[in-house]
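Each of the two complexes below includes chain A, the first together with chain B, the second together with chain C.
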Partner chain A sequence: MSEATTEQRRGWMGVLARAGAKGILPRLEGAPPLPPHSRLRGPEIGLTMLRGRAGGDGAPFNLGEMTVTRCAVRLEDGRVGHAYLAGRDMRGAELAAVLDAALQDPERRPGLMRAVVDPLAAEQAAAREASARKAAATRVRFLTMANMR
Partner chain B sequence: MSARDRLRPPVAATAGTLLPGFADPVLDAQSAFRAVLEAMARPGRVQRLPRPPAPPAPILPAAGAVLLALVDSATPVLTDAGAEAEAWLRFHAGCPLADGPAEADFLLATGTPPPLAALRAGTDEDPQLSATLILQVQALEEGSGWRLTGPGIEREHRLRVAGAPPGFIAERTANAALFPRGVDVILCAGDRVAALPRTTRIEEG
Partner chain C sequence: MYVAVKGGEAAISNAHAWLAEERRGDPALPEIGTEQIGEQLTLAVDRVMAEGSCHDPSLAALAIKQARGDLIEAIFLLRAYRTTLPRFGTSLPLDTGEMRVRRRISATYKDLPGGQVLGPTFDYTHRLLDFALAAEGHAPPPAPEAEPGEDAACPRVTGMLADEGLMAGEEPSEAEPGDLTRTPLSFPAGRALRLQNLARADEGFLLSMAYSTQRGYGANHPFVGELRQGEVTVEIVPPELGFPIEIGEITVTECQMVNQFHGSRTEPPQFTRGYGLVLGRTERRAMSMALVDRALRAAELGEEVVAPAQDEEFVLSHSDNIEATGFLEHLKLPHYVDFQSELEIVRAMRAAASPPAMPPVMKEAAE
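Our next item is the complex of A and B:
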């Protein structure tokens, strides 16, 4: 196994950020133990500006601020992990940052992917699909007279 | 550096070599700010920083604390301390790195500093737009050495600076002639700081 690509890392960071402490902790029981780490920054809670695009020309505007929690940790081998989570989940941010650092290690990655990230990703995909199906069941088709002939 | 670059989260560029900043970011930055304030108000009096961070070499703990307390995303920093130190500063302070001495609001000199005349001195209308030079020296000691006079000093303060760059006093004298413009200097040694605001006159003694 080689170094992770940016695409892979983005994938697991997103899964861990969406899962939070509530999702990650139960998965850690069956996982290989996490390496010891030191905190570089945080976990700390702050605000970030959400930007949207509107109008015909897609000009950006500030939609509002949201609460985020971020954390950066360093493992003993010097690998640095980062996490940004929506909301006020300090424990989750630290866990996600440690996991991000550990997942960059090619030797630890397969075990952690199998025990933590892959099941969480499957859970999130299933939840997304379920809500999409619920929404699809309520879809209304508006037919015009021309189509009803 | 464009606004877009400043917003970029410091993730990939800093891999592997980061060290922690302040142990308690809020309280430690406040006490470092207080120490700098005292040092500026009493030029030549040496202040000890209570809980400095452990920055990457060659940044001294005092210089690291001063930078983390004063620098933010609106203040370009120029340093000769190397890539690891720059990454540490970028990560913990979120500051942009200046391209040259004329663009920097704060300069950290671990070796020979750029000439004071090359730094931003502000304008007569806005003298606060000047640069601040953070100069690392070997030792700072009160009671002997340079004779300091000026605002904040009742009669005179004596400050011995080991390892000041050659010609520093002459450069400072030229800098003082620019008043109200001019560069402020913060001297750092170990976990101690002393300041030489632009109003302080120095005589070798």
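Our next item is the complex of A and C:
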């Protein structure tokens, strides 16, 4: 196993951010134990200004803010983990930061991916799929000829 | 003359105790939970988030409960809360083209790639009160599902028109937009600040302004090019990481209004657009925003500015319901001294006009 690529790290950070404490905690039961950590920053709640684009594809504008929770931790081996989550979820941010640090360890990664990240990613994909299927059922099928009697 | 400047603490405290009791209502009935508000009064929550200009459904639900359902009061509570938080940064611009669409309709093309997707809409309901909802315990059957199919992708309608050269494009730009939460508005404000202002404007005000353009106060013949609603991914680039990460998903509604434009000396006749983007599933608000955005582009497009909805200073200065409420409700604060001076003036004027006929008046109103 080698060091994680940025793309891999982006992947699990996104999955953990969407899951939050509510999603992560049940998955930890069957997972290898998380290593001890110390907090570098947070968990703390703040705001991120959301941006849109004029016309959807033009110049950026400020749409409004959203609450965000962030946390940074360090493991005993010196690896640093970060987490930023939409909403106010201190427990989720800390867990996600510890997992981010642990997942950077090639030794720990396969077990944690299998027990935590992969199943959460599958859950999230299933939820997206269910929403897409409901939307598809409301797609209008125009008939060429309709009997108006 | 002595005027009381202190006092009322007991009255205020008792008033607030009564308010709490009134808020709770009949204690024999179950208390409403913020999670119930978040799940079942979703459009109220969306409105509070949009106008509170802060996306956090559980905070908005709490604000609605605390405000007893007064949405402007709830918006005020959310705006006040957000001032207590530090700002960590800004997101990358949301990519609404990549939206996971729940609803997407176009009034300009019947058959368009991706099709007309109705989503969970009030449209086509009969607007008859449904007394079945008054009886509890009837869970609705699960919504039907269908295979999305190969052709489910929804390209932008404005892109289709732009490809034909019939739609004025947006200037590609990465200019840093102004932020009216940091710098007070000044005029001319420019489009980025206008869009920020409209995105958090009072929905009733936006709707009325939009309606006024439809009724002829500002030439505007709009079509809903596209209305889409669904989930978009929020990405930020934390400086300590240096690469973008996804921090979650939010639901937004986007409206592209297509308007005719007769052309000018430099521009050929083509369609122009008004743009609406709002937090949540607030569709009326997105449509209103798009109409007002287009009306406010009048000067930029060389149109005569003749109507209130085209007047940037008028619209942006009166759109915020928290500012408006603050100035309106300050009238409830003690104005004893102001009024005393007015009283003196009226008495003096009356005395000067008809000294003998003066009726006896109450002395010293403020004592």
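In the analysis below, the second predicted complex is superposed on the first by the 138 of 149 C-alpha atoms of A that agree within 3 Å, B and C clash if a C-alpha of one lies under 4 Å from a C-alpha of the other, contacts with A are read in each partner's own complex, and residues count from 1 in each chain.
The rule we apply is simple: a residue touches a chain if its C-beta (ideal position, glycine included) is under 8 Å from a C-beta of that chain, and two chains touch if they have at least 3 such contacts.
Bear in mind the structure is a predicted one, so any value in this text is a computation, not a measurement.
J.: I'd like to know which partner A:A17 touches here: chain B for first, chain C for second, both or neither.
T.: In the superposed model, A:A17 contacts chain C only, not chain B.
J.: Output check: A:P106 vs chain B and chain C. Expected answer is one of first, second, both, neither. What do you get?
T.: neither
J.: Applying the touch criterion given at the start, work out whether A:R51 contacts chain B, chain C, both or neither, answering first, second, both or neither.
T.: It touches chain C, and chain B stays clear.
J.: Output check: A:P26 vs chain B and chain C. Expected answer is one of first, second, both, neither. What do you get?
T.: Once the two structures are laid over each other on A, A:P26 reaches no partner at all.
J.: Between chain B and chain C, which makes contact with more of the residues in chain A?
T.: Partner touching more chain A residues in the overlay: C.
J.: So in the superposed three-chain picture, is A:R74 touching just chain B, just chain C, both, or none of them (first/second/both/neither)?
T.: After superposition on chain A, A:R74 lies in contact with chain B alone.
J.: Applying the touch criterion given at the start, work out whether A:S38 contacts chain B, chain C, both or neither, answering first, second, both or neither.
T.: First partner only.
J.: Give one of first, second, both or neither to describe whether A:H82 is in contact with chain B, with chain C, with both, or with none.
T.: Both partners, chain B and chain C.
J.: Which chain A residues contact chain B in one complex and chain C in the other?
T.: The answer is residues 6, 44, 72, 82, 84 of chain A.
J.: Once bound in the complex, which stretches of chain A touch chain C?
T.: Residues of chain A touching chain C: 6, 10, 13-14, 17-18, 44-68, 70, 72, 82, 84-88, 128, 130-140, 142.
J.: In the complex of these two chains, what residues of chain A are touching chain B?
T.: Residue list for chain A touching chain B: 6, 38-41, 44, 72, 74, 78-80, 82, 84.
J.: List the residues on chain C that touch chain A in their complex, please.
T.: 49-50, 53-56, 58-59, 82, 85-94, 96-97, 100-103, 110-111, 115-120, 143-149, 152, 156, 158-159, 170-181, 191-193, 195-196, 199-200, 230-231, 233-234, 236, 238, 240-241, 243-250, 254, 256, 273, 275, 277, 279
J.: Please output the residues of chain B touching chain A within their complex, sorted ascending.
T.: Against chain A, the touching part of chain B is residues 9, 11-12, 14-21, 25, 91-92.
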